[in-house]
Amino acid sequence: MPDALPPDAVSTDYKPLLERIAADIAPLLGSGTPAEYIPALAAVDPGQFGMAIADLDGNVFGVGDWQVPFSAQSITKVFALALALAEGGDSLWERVGREPSGNPFNSLVQLEYENGIPRNPFINAGALVVTDRLQTLTGDASSEVLEFLRQESQNPDIGFDAEVAASEQGHGDRNAALAHFMASYGNIDNPVPALLEHYFWQCSIEMSCADLARAGRFLARHGLRADGSRLLTRSEAKQVNAVMMTCGTYDAAGEFAYRVGLPGKSGVGGGIVAVVPGRCTLAVWSPGLDARGNSVAGVAALDRFTTLTGLSVF
Amino acid sequence: MPDALPPDAVSTDYKPLLERIAADIAPLLGSGTPAEYIPALAAVDPGQFGMAIADLDGNVFGVGDWQVPFSAQSITKVFALALALAEGGDSLWERVGREPSGNPFNSLVQLEYENGIPRNPFINAGALVVTDRLQTLTGDASSEVLEFLRQESQNPDIGFDAEVAASEQGHGDRNAALAHFMASYGNIDNPVPALLEHYFWQCSIEMSCADLARAGRFLARHGLRADGSRLLTRSEAKQVNAVMMTCGTYDAAGEFAYRVGLPGKSGVGGGIVAVVPGRCTLAVWSPGLDARGNSVAGVAALDRFTTLTGLSVF
Amino acid sequence: MPDALPPDAVSTDYKPLLERIAADIAPLLGSGTPAEYIPALAAVDPGQFGMAIADLDGNVFGVGDWQVPFSAQSITKVFALALALAEGGDSLWERVGREPSGNPFNSLVQLEYENGIPRNPFINAGALVVTDRLQTLTGDASSEVLEFLRQESQNPDIGFDAEVAASEQGHGDRNAALAHFMASYGNIDNPVPALLEHYFWQCSIEMSCADLARAGRFLARHGLRADGSRLLTRSEAKQVNAVMMTCGTYDAAGEFAYRVGLPGKSGVGGGIVAVVPGRCTLAVWSPGLDARGNSVAGVAALDRFTTLTGLSVF
Amino acid sequence: MPDALPPDAVSTDYKPLLERIAADIAPLLGSGTPAEYIPALAAVDPGQFGMAIADLDGNVFGVGDWQVPFSAQSITKVFALALALAEGGDSLWERVGREPSGNPFNSLVQLEYENGIPRNPFINAGALVVTDRLQTLTGDASSEVLEFLRQESQNPDIGFDAEVAASEQGHGDRNAALAHFMASYGNIDNPVPALLEHYFWQCSIEMSCADLARAGRFLARHGLRADGSRLLTRSEAKQVNAVMMTCGTYDAAGEFAYRVGLPGKSGVGGGIVAVVPGRCTLAVWSPGLDARGNSVAGVAALDRFTTLTGLSVF
């Protein structure tokens, strides 16, 4: 690896690194296709790219469109999971597994073979169970997630995108099928329409790479929030990272681990959050997706990051 | 985590740590069931337990039955994969995927839906492809694996167990089905009976925790062999670790990542090899298996290791 | 076959035959279990049994509880199919197949592999498509089916059972999942809640064996209704019978063909309608179901019928 | 149906009917594709067509290439089934089901979900079980089938085609996979290589439409052989016809019942045998296959037959 930077080069100022990564992946901008099933997402300019790194000391470095808000989509599932664990504890795992699914994110097949218990909290079915749990625990699941993101990112302007939420609702038959299907197995506690509404609102949250890198810092800090209070135990934080590693990028978790080698969670808005435990959190965004729903330039940028720094967990 | 040892306590002498782990998991000895489908394995004393750690300097520490040879079984798949990559390069990945399977290790279902391309090199179908590739590259796949293990462990006494190999052959219909099935898709190059023979011999290799920890050291050393020569590039070593993390423990990879948080590969003989990249390699063995084919005491010991040392990758 | 009656014995008066069948199957009464998922059905007395035969001349013969109304449930799917074909023609087959499913009646698995096109009109998914089509064609699918049944049976008292309909609605998550799932593939035209309501009302229709035998006579008369007008072409009537033969009894169509050898359609209320083309229509009812949802005594009575008369189509 | 012949027109001389059918389907000759996976079959002239009808009195009528031998392939499965039932009785059904599969003829998926019990005797897996049973009962399964066909057709020249058998063996990995897979569940008694050999020889039998119509007459005669002796009970004959109806034409049994409405069994050689119980047996042959492996012109000719005569069982 002749192009690996020395370790100390990455410990203080990530700005030059980010600029090099941005230059390296520039040829990929515009590759892939923005998510098409939600009109509001399909309309986004595919040539955008942003990346941010938040270190443990509270510094945030960025490049490109790192301060432009985008639709967080499935990335919010990490935060919903952390909140459901923080507020309700381990019993969540009786209702959702921790294994990779080997199937597309919205498949019903495995759900049927496994009697309504979703494989993990990051496929849609599992995320619906998490939101259902959070709704029971807090009475307002989507607001809970939004509030947490605002606090951790210290950005009170983060908000829902009503147009995106409506668009998801209007194309929500597959998620409605998943929710009703699990309800038929007794694995949904709240009324399906209310659950779906919270789920769609949660997915519609808009935030920038800067916000996202800050908000995910508790995963690099072994469970400690921005204000120093503890959200998750050290073990729980490790566990969330582990689930991200094995299940965080749809049906491409193996590929992501192979190329990037970091716990990460992607969204069809083109964003990805990744964690270097004990060191920093990364957020990257570019709307063009590959066939499995992950940002083409985003994955490439993270790949570049671990190649240049050697900071893969492997 | 009140019981975590300070980092420097683990950097020199792992012996006290191993003894503490052995004491902690002692209540689990005898739990689980030795593999029953191979008579030669079913007869083993289930109360045995051994664990070894090999550091980057060549030191090996052990506890319990760490020098007792056991049947390596699927653990050999890691070494076959490394050798196939070292000798034949990346083209292997055209014939086998890198994604977790979401199915039992010997399932044919996914193989059919995906036209004879196994999900990853650690389910049986994928391991058969790797052995097929290694056989084409070297002309004697099973000897190649054996020879590598002898060299890396510096133990020329490591050998095949003819009784186990014969027992596997006698119960080999499922593997024969997998091999013929892939052959029907054109994904097997060698004659199926010869391939199966090499596969069964490879699985029958007997070695101890001490041997295994030494032999797996190249994965902690980013691809460097015991003699300092390079087996895999830094990238390839990272990739093998990543595949172990997402696919190394049958249908429990998510659970293993969640509890242990290290790349690992288990075998139905009750052994597991795990890697702390850049630090050390662990080998553990206890014959009692859980429902998904992983050693009960072995997983617990590795869980204990990462809890006590904080050396999980997450 | 020492107990086969001579052919002419069955051509005029079916009463003695029905009495013999009722005596023969008496030991089975109370076997099996009434459908449990709908409380209103679970409460029925499992020892009841009725059977009726309607010949082409308009005569109806009966035995036992042949005039007691029961919940027709899935049997109504035959009538909905006939009406959808009569009013909308062959284009229905672009939205639903004609092949046996090889899966339980409410499975989503095959639906996913086949992109939202149900295998046949008698599994729940297919019946939802048929009801959706009938709703589009008529504006009031469930009333259309009810009205047809009243006319053909000449019994204006046939009606919906509001309690059963409400009970199905209350346990309707699986059907809601199926409908939303197909809607996600664009294979449902009407709003899902309205569609489900019609579907549940249709299933709740109460009628007796006498009513059912009369109502199904058009299938024995190659498409001619009670009043002599044509509902289906001769070809279409043959086709509906064929679909009943290969798909009419859930995942036991092969078994039903093997034992009974007549086109038939069963319901979880314990009723079955069967057709001897060109000769007569049979209706049988007994609430105890086997593991695949077909009436234990009902199937046995039909088996007895074809054994005694030789009137199997095979 | 303005073009239906009066019933009595079909009772004596089928020759004019066959000529009319041949004329009607002439435009289809050359449609479809001969089976390609066996080179010896792919080489056949696709424009050939023959059809024969054998009535209960022993008369045989034919048209076109009705005396040209072709590769019987899967059609032999009917005869193997009848022989296995005749010689071993009902216990066969403990090892193979009677339900349509809902999957392609050589799928392993359902076999895995159902623990090595094939869905029916006409998919490859089920036929292998039948041949395995016949081999255990007789010691020479393929010769037993051949001898039966010679006797029933009164044609001692019917024989195996060694080139086809060798070609099947050479492309036999999928069937080897099926056999080993079932052996892994304990559902194969004979050594897999010997079983496969008998299976491939059986499939290679060459016979003409004239031979086939004669040989299948016992199914129209409720179990009586050509010499008046009883092969199957009336019930068993009915049952074989029922299994043909629900499972005889691969994954198109529903379609075949819908269009033709007769029990039938097809082979990838382009032949089909069909039964009008109590009346006659039909054999048709034309090499061009549709996407599901059934003869295009053959199905059309049978469809024409039931349309013209009204002799569908429905």
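Lettered A, B, C and D in written order, each chain numbered from 1.
Definition applied: contacts are C-beta pairs under 8 Å (C-beta built on N, C-alpha and C of every residue); 3 or more make two chains touch, one makes a residue touch a chain.
Note that the coordinates shown come from a computational prediction; the quantities given were computed from them, not determined experimentally.
With contact taken as defined at the outset, there is no chain that touches subunit A as well as subunit C.
Among the other chains, A has the CA centre that is most remote from the centre of subunit D.
Inter-chain spacing, taken between the CA centroids of subunit B and subunit D, is 49 Å. Taking each chain's centre as the mean of its C-alpha atoms, subunit A lies 56 Å from subunit D. With each centre defined as the average position of its C-alpha atoms, the distance from subunit A to subunit B rounds to 31 Å.
Residue positions of subunit D touching 2 or more other chains: none. Chains that are in contact with each other form these pairs: A-B, A-C, B-D, C-D.
By the touch criterion stated above, subunit D contacts subunit C in their complex at residues 1, 97-103, 110, 119-120, 233-235, 237-239, 241-243, 245-247, 251-255, 257-258, 261, 263, 277, 307, 312-314. Residues 107-109, 111-113, 173-174, 176-181, 183-184, 192 of subunit D are the ones that touch subunit B when the two sit in their complex.
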